[in-house]
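Shared between the two complexes below is chain A, which pairs with chain B and chain C, respectively.
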Partner chain A sequence: MKQLLYSQRLAPYLFIAPFVITLVVFWMIPVGQSVVMSTQEVLYGETTPVGFRNYERLWQDRLFWQALFNSARYMVLTLAILIPIPMVLAALVCNSIGSPRIKNFFKASLFVPALTSVVVAGIVFRLMFAETGTGLMNQIISVIGLGPVRWLREDVPGLIALLALATWRYTGVNTMYFIAGIQSIPGELYEAASIDGASRRQQFFRITIPNLRPTLVYVTTISIYGGLAMFLESFMLYAGNGSPNNQGLTVIGYLYRRGIEENDLGFASAVGVVLLVVILAINLTQLTLSGTFRKEADR
Partner chain B sequence: MARHRMWTSLAAVALSAGLVAACGGPGGGDQPTGGPNEDGVTTLSVWVFAELHGAFYEQMAESWNEENPDRQIELDITVYPYQDMHNKLQLALNSGEGLPDLVDIEVNKFSNFVRGDNPPLVDLTEAAQPYIDDVVQARLDLYSRDGKIYGYPTHVGAMVAFYNATLLEEAGVDYTTIRTWDDFEEAGVQYHEATGKEFGIASTEVFFTEPLTIAQLGGNIFDESGNVSVDNPEVTEAMEMWQGMLEAGAISTIPGGSPDSEEGYGAINNGDYAAVVYPAWYTSRFVDYMPDLEGDIAIAPAPVVEGSDVLTIGGGGTGMSIPKGSPNEELAADWLAYAKLSPEANVAVWEVLGFDPVNMAVWEDEAVTHNPDNKFNQYFQTNVFDVLNEVKDGISHFEGFAHPDLPAVNNTFTTVTLTEIYENGRSVPDALAQAQSDLQTELGQ
Partner chain C sequence: MSAPGERRALSPRVYGLIQNGLLVLMALISLVPLLAIFVGTFQNGNEIIRQGVTLDIDWGALTFDNYRMLFTDSGYYFRWFANTLGLTIVTVVGTLLVSSFVAYGFAMYEFKAKRLGFIGVLLLMTVPFEMLMLPLYVQVNKFGLADSYVMVVIPFLAAPVTIFFFRQYFLGIPKELLEAGRVDGVTEFGIFFRLVVPIIRPALAAMAILNGMLAWNNFLWPLLVLRSPQNFTLPIGLNTLLTPYGNNYELLIIGSFFSLIPILILFLAFQRFFVEGMTAGALKG
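Coming up: the complex of A and B.
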C-alpha cells in the first residue's frame, strides 16, 4: 500500500486526478449524453430514437443558417474591434500616460464594465438605443444632424448597438490581458531599440506585438469561442429571444428557442453538437496555424 | 513528514470522490413528503412568476383555512423570474424531480407542458365540477387537452378596445359608433387625417389582435389534423385586412413593437396613439404606467367582422396546474378550484389583480363591479364589466392558442412574418407562404 502511494509513476496521475474527474463528470459525460439525445425525440421521461432526423431538420432550417450567419458576423467583428483597440490601450497605459496614479485610475475605469452584470448593462443599452427621438443615442446623433434611427428594429443599427455593448463590456478585460503580456516583455529590448534609434512606433510594431504572441493567441481563442457562443447580450438588448426578422438571433439563441421555448430538447442537442464541432474546428485550425501545438524547441 | 504527504494525497482522492458523489446523489427537491404535519396543516409548495399572484394565493389560502378547519393548508410560495420559472419547471418535469405541488404556467408556455400522450400534469376536470357552470368555458378550453382540464385560468383576458376619448372628441370622431373593423378603419383614417397623429396599432412583436380577426372570420392557424396552416384563406384575409388598415393610415407600428412595452407605454401616454385593441388585463398597464391619461380612456367592445358570432376572444393568461407525483394532489386540486374558480376568489381577482374574472357570477354583482373606490373604475370613463356583459355570449375560444405547436407559430409571426407585412410591406400571400414553409420544415410536417 505504502509503496503504491509513493510510486513515482503513479504520483502524476494522482495529482491530475481531480481535474480529470471533474472534466469527465461535468463535461465529457454531458457531451456524450447530448450526442445521444441529439438522435432522439425527448418528451417528459419518454425518449424515441429518430436517427439523424434532427440533423436533417437542422440542415434544412433557414433560421439555423441565419443564426449561424449572425453569430459568425458578430464573432468576426468583435475580433476586429476587441483585439486592436485593447492592445493599443494597453500599450498606452504601460508606456505613455504620466503618473502611476493616473495609470491605475485608467486601468480601473477600463475594467469596471466587466464587473457589471450583462443583464443590467443590456437593459441600460436597450433604453439608450430606444427608437424614440428622446432616446439617448438618438439625441446624440441629432447633434450632428442625423435623424432618429430605429436602432433595434433594423439590421445594421441593431448590430451597431450589439457591438457597442460588447465593446463597452469586454475592452477592459482584453486590455488587462494585454497589459499583463506587455509587462512580461523585458525592458532591455526597448532600451536596446531606443539606443539603436527606433521610434516608439517601430518599437510597438517590432517588439511589443511579436512578444505578445502568446497573449494574442489566447485572446483570439477565447474571443472566437465567446463570439460564437454569445447569447445573453442579444437576449437582454432585445428584451427576449425574439427580434425583428431575427436580426439578433444567435446560435445559442436558436438552441434556446428550440430546446426551451418550444420544448424540443432532442433537436436542441443536435444544435449544441453542431456548434461544438464548428467552434472546435475553427479554434483547432487557428491554434495549429499560430503554432501553439508545436513543441517549444521547434518554434 | 512522510505521513503528512500520505494524508495530503488521501485528501486529494477524497476531494475528487466527493465531487463525483455530489452530483450522483438524489437531487434535493422542493416537494415535501406529503400529508399534514402534527398541527394538521399541510404545506403546499407553490411556484409563481408574478409576485402579485403570490399575494393573491396567500389571501385565498387564508380564506380556505377559515372555511375548512379540518383541511388546513400553508403555502410555501417561491417567486421566480418568468423565464427562469418555466425553464426550471421544464427541467424538473423532464427529470421528474424537485417539483412543486402547484405551479403557475403562462399560456404561451402551457402548450409545452401538455405535449405528447402523457402530459406530466394532474387531470383537474373533476375538481372543477362545483363551479363549472359559471365559468367562461373558453378559458377552461385553453388549458384543456382531449377533454381533460390541466390548469385553471386566472382571468378571461377578453379582447376589448381602449379609446382615448378626449383626443378622439377633439378630432370629431365618435368612438361609440365603431362596431366593425370597417368602422374602425374609417374612424382611424378620419382621425389620422384630422390630426396627423396615429390611431390604431400594428404590433410586430405580439400576436393578439390578428388572431382575434382570424377567429372572427372562422379561421384557425392549424388545420383539422393539427398541422400548421398559416396560409389558409381566413388567415390571408385577416392579414390583408390588417395590412390594408396600415396602408390606409388607420393603424401604424409602435415604438417597442407592441403596446405592452416600455416604449409603447410612453408613446400611448404621450397621446401618439388613440386606440388600443388589447386584452382586458391591459387596464392594469394604463393604471400603472400611463398616469397622464386618467379620465381620458374609454373601454368599448372590440371591433367585429360583419356577421360573425365571435365577438371577442381571450388573449394571454396564466393557468395554475399540479405536476403529477405531488403527494398532496387531492388537497391541492380542491384548494386550487376554490382559489381560482369560486365566486369569492373571483371577486379578489378583480379587486387585488384588476383582471376580468372567469366566474361570470361576479360580472353581475354591481356592488363589486361598480365600486366607486376601485382604482380601475376611477381611471376609466366606462366600466369594463359593462363591456364584458355586452359581449358575454360572443366570447370564443381561439383554438390556435391551445395547440402544442403554438410557441413555434408565435415565434415565427412575432419575429419575421408581422415585421415583413407591417414594416417591409411584403405582400401577405408571400409572407404567409414563407412562414408556412419555414414552420413545416421546423416542425417536420
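Coming up: the complex of A and C.
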C-alpha cells in the first residue's frame, strides 16, 4: 500500500482513472448502445434486430429532413450573426477610444444574458414576441408601420424570434472570446501600423483579423456543433416540443420526440447516430486542421 | 490626428462619443429582457401571458401581491430553490475535486496512452450532451435510477472543459515543486493535495463559478431523471408552470426572476472569474 502511494509509475493512472471511468460508463457504453439500438426495433423492452431498416426509414422520413433543414438553417444564420458582430464589438472594446467605464458597463451587460437559464430566457422571449398588438416586438415594429406579426405561428417570424434569443444569449460570451484573442496580439504590431499611417479599418482587417485565427477557428467550431445540436432554445420558446407545422423542430428535438415522447428507441437512436457522425466529422476536421491534436497532446 | 488622404476622417473626440453612445445603447438593449421580467413581478400574471411583455405598463396597477404570494403560498417553489442550491454545491465541490485530480495526472506525468487519453478529453469537449441523453435515459429507466440525485450529478464530475482548464494551469507549475515534495517523503497524492491545490486558488475560483452556473441552470438532464415535483430543480419546476392551462403565471414570472438573483449577485461580486471561467474552453492557439 505504501509503495502504491509513492509510485510515480502508477500515480498517473490513478489520477486519470475517474475520467477513464466516466468516459467508458457515460460516453462509450451509451454511444455503443445507441449504435446497437439503431439497428433494432425496440418495443416494450422487446428488441428485434432489423439491420439498417431504421436508417432507411430515416432517409425517407420527411420530418427528419425538415428537422435537419431547420437545424442547418439555424446553424448557418447564427454563424453569420454571432461571429462578425462580436468580433467588431471586441475590437471596439479593445481600442483606446471612449470611456473605460462605459466599456466595463457594456461588457458586464452583454455578459449577463449568458447567466440566465434557457428556461427563463425562453419564458421572457416568448412574452416579448407575443402575437398580440400589445406585445413588445409588435409595438416596436409598429413604429415603422409594420405588424402586428403572429411571431411564433409563422415560419420566418418564428425563426427571427429564435435568432433574437440566440443573439441575446451568446453575443456577450463570443465577444469575450474575441476580446481575449485581441488582447493576446502584441501591441507593437498596432504601433508599427500607426507609424506607417494605417487607418483603424486597415488595422482591423490587416492585423486584428489575421491574428485572431485561433479564436475564430474555436468560435466557429462551437457555433457549428452548438447550432446543429440546438434544442432547448426552441423547446422553451415554443413552450414544448411541438410548434406550428413543426417550424421549430430541430434534429435533437426530433430525437427527443421519437425517443423520449414516443418511445421509438431504435429509430431515435438512428437519428442520434447520424448527428453524432456529422458532429464528430466536423470536430475531427477542425482539430486536425488547426493542429490542436499535435500541439495539445504533445505538451 | 487624421492621416492624409483618409476619407471621412472623424476627429477622435466625435468618434469616441459615437462609440460610447453605441455601446451604451447595446448594453441597455441587452438588459431589456431582465427589466421586463422585473417589472412583471409587480403585474398580474394572467395579464402578462395574455398580452405579452409590453410598453403600455399600467403603473397604477403594480402591486406587491406576487411577492406576498411567493413568500406565503408558492407551493414547492422554495423546495425547488433548496434542491437546486444543494445540487449546485455538491456538483461544484465534486467537479472541482475530480476534474483537477484528473488534470493533474495529464499535466504532471509521462505515461503510456497519455496522448490517447487527452485526445479523449479534447473530443468530449466538443460533443454536446444532447447526443447522449437518449441512451443515458434508457439506462436510468432500466436500472430504476429515476428521481435519483446521484444520477443527476455523477456523469458530469469529470468535466472535459474543466479538466482542460486545470491542465493548462498545472503546466505552468514548476516540476521542481513536485521533486521537493518527493524529497521530503510526501506521497504523490499528498503532493497534489498539500502542495499543488493551495496554489491554484484562482483557477479553482474560475471553475467553481463556471460549474456552479452550469449546475444552477442545468435543465435537460435533470428533466429526464427527476420525476416527482418535490424533487424538481428550479428550471424544471418553472418549466412545469409554463403550460397553456396554467393557473399560477404569477409564480412563473416572479419565480423566474428570483431564480436569477443568486447568479446575478455572484456575478457582481466575482465578474472576473465568470469571464475567465466561461471563456475557458477557448483553446490557446
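What we mean here is this: the second predicted complex is superposed on the first by the 250 of 299 C-alpha atoms of A that agree within 3 Å, B and C clash if a C-alpha of one lies under 4 Å from a C-alpha of the other, contacts with A are read in each partner's own complex, and residues count from 1 in each chain.
The rule we apply is simple: a residue touches a chain if its C-beta (ideal position, glycine included) is under 8 Å from a C-beta of that chain, and two chains touch if they have at least 3 such contacts.
Everything numeric here is computed off the predicted structure, so don't read it as measured data.
Shared-chain residue A:188: touches no atom of chain B or chain C. The larger set of touched chain A residues comes from C, when the choice is between chain B and chain C. By the touch criterion defined above, A:180 lies against chain C but remains apart from chain B after alignment on the C-alpha atoms of chain A. By the touch criterion stated above, A:245 is placed in contact with chain B alone, chain C being left untouched.
In the superposed pair of complexes, A:130 makes contact with chain B and with chain C alike. When the two structures are aligned on the shared chain, A:260 is found in touch with chain B and with chain C.
Of the two partner chains, chain C is the only one touched by A:121; chain B is not.
Contacts of A:18 after superposition on the shared chain: both chain B and chain C are touched.
Within chain A, the residues touching chain B in one complex and chain C in the other are 5-6, 14-15, 18, 21-22, 26, 127, 130-132, 239, 260, 265.
By the touch rule above, chain A contacts chain B in their complex via residues 2, 5-6, 14-15, 17-18, 21-22, 25-26, 42-46, 53, 57, 60-63, 127, 130-132, 153, 239, 242-246, 249, 257, 260-263, 265.
On the side of chain A, the complex with chain C involves touching residues 5-9, 11-16, 18-23, 26-27, 29-31, 33-34, 37, 89, 92-93, 95, 97-99, 102-103, 105-121, 123-132, 134-136, 138-139, 168, 171-173, 176-177, 180-181, 197, 199, 213-215, 218-219, 221-222, 225-226, 229, 231-232, 236, 239, 252, 255-256, 259-260, 265, 268-269, 272, 275-276, 279-280, 283, 287, 290, 292-293, 296-299. On the chain C side of its complex with chain A, the touching residues are 3-4, 6, 12, 15-16, 19-20, 22-24, 26-28, 30-34, 36-37, 40, 48-56, 98, 101-102, 104-106, 108-111, 114-115, 117-124, 126-128, 130-139, 154-155, 157-158, 163, 171, 182, 187-190, 192, 213, 216-217, 219-220, 224, 234-235, 238-239, 242-244, 252-253, 256, 259-260, 263-264, 267, 271, 274-275, 278-279, 281-285. Every residue of chain B that touches chain A in the complex is listed here, in rising order: 2, 6, 9, 12-13, 15-16, 19-20, 23, 86-87, 90, 93-94, 96, 112-113, 115-116, 118-120, 204-205, 255-257, 261-263, 266-267, 407-408, 411, 414-416, 419-420, 423, 438, 441-442, 444.
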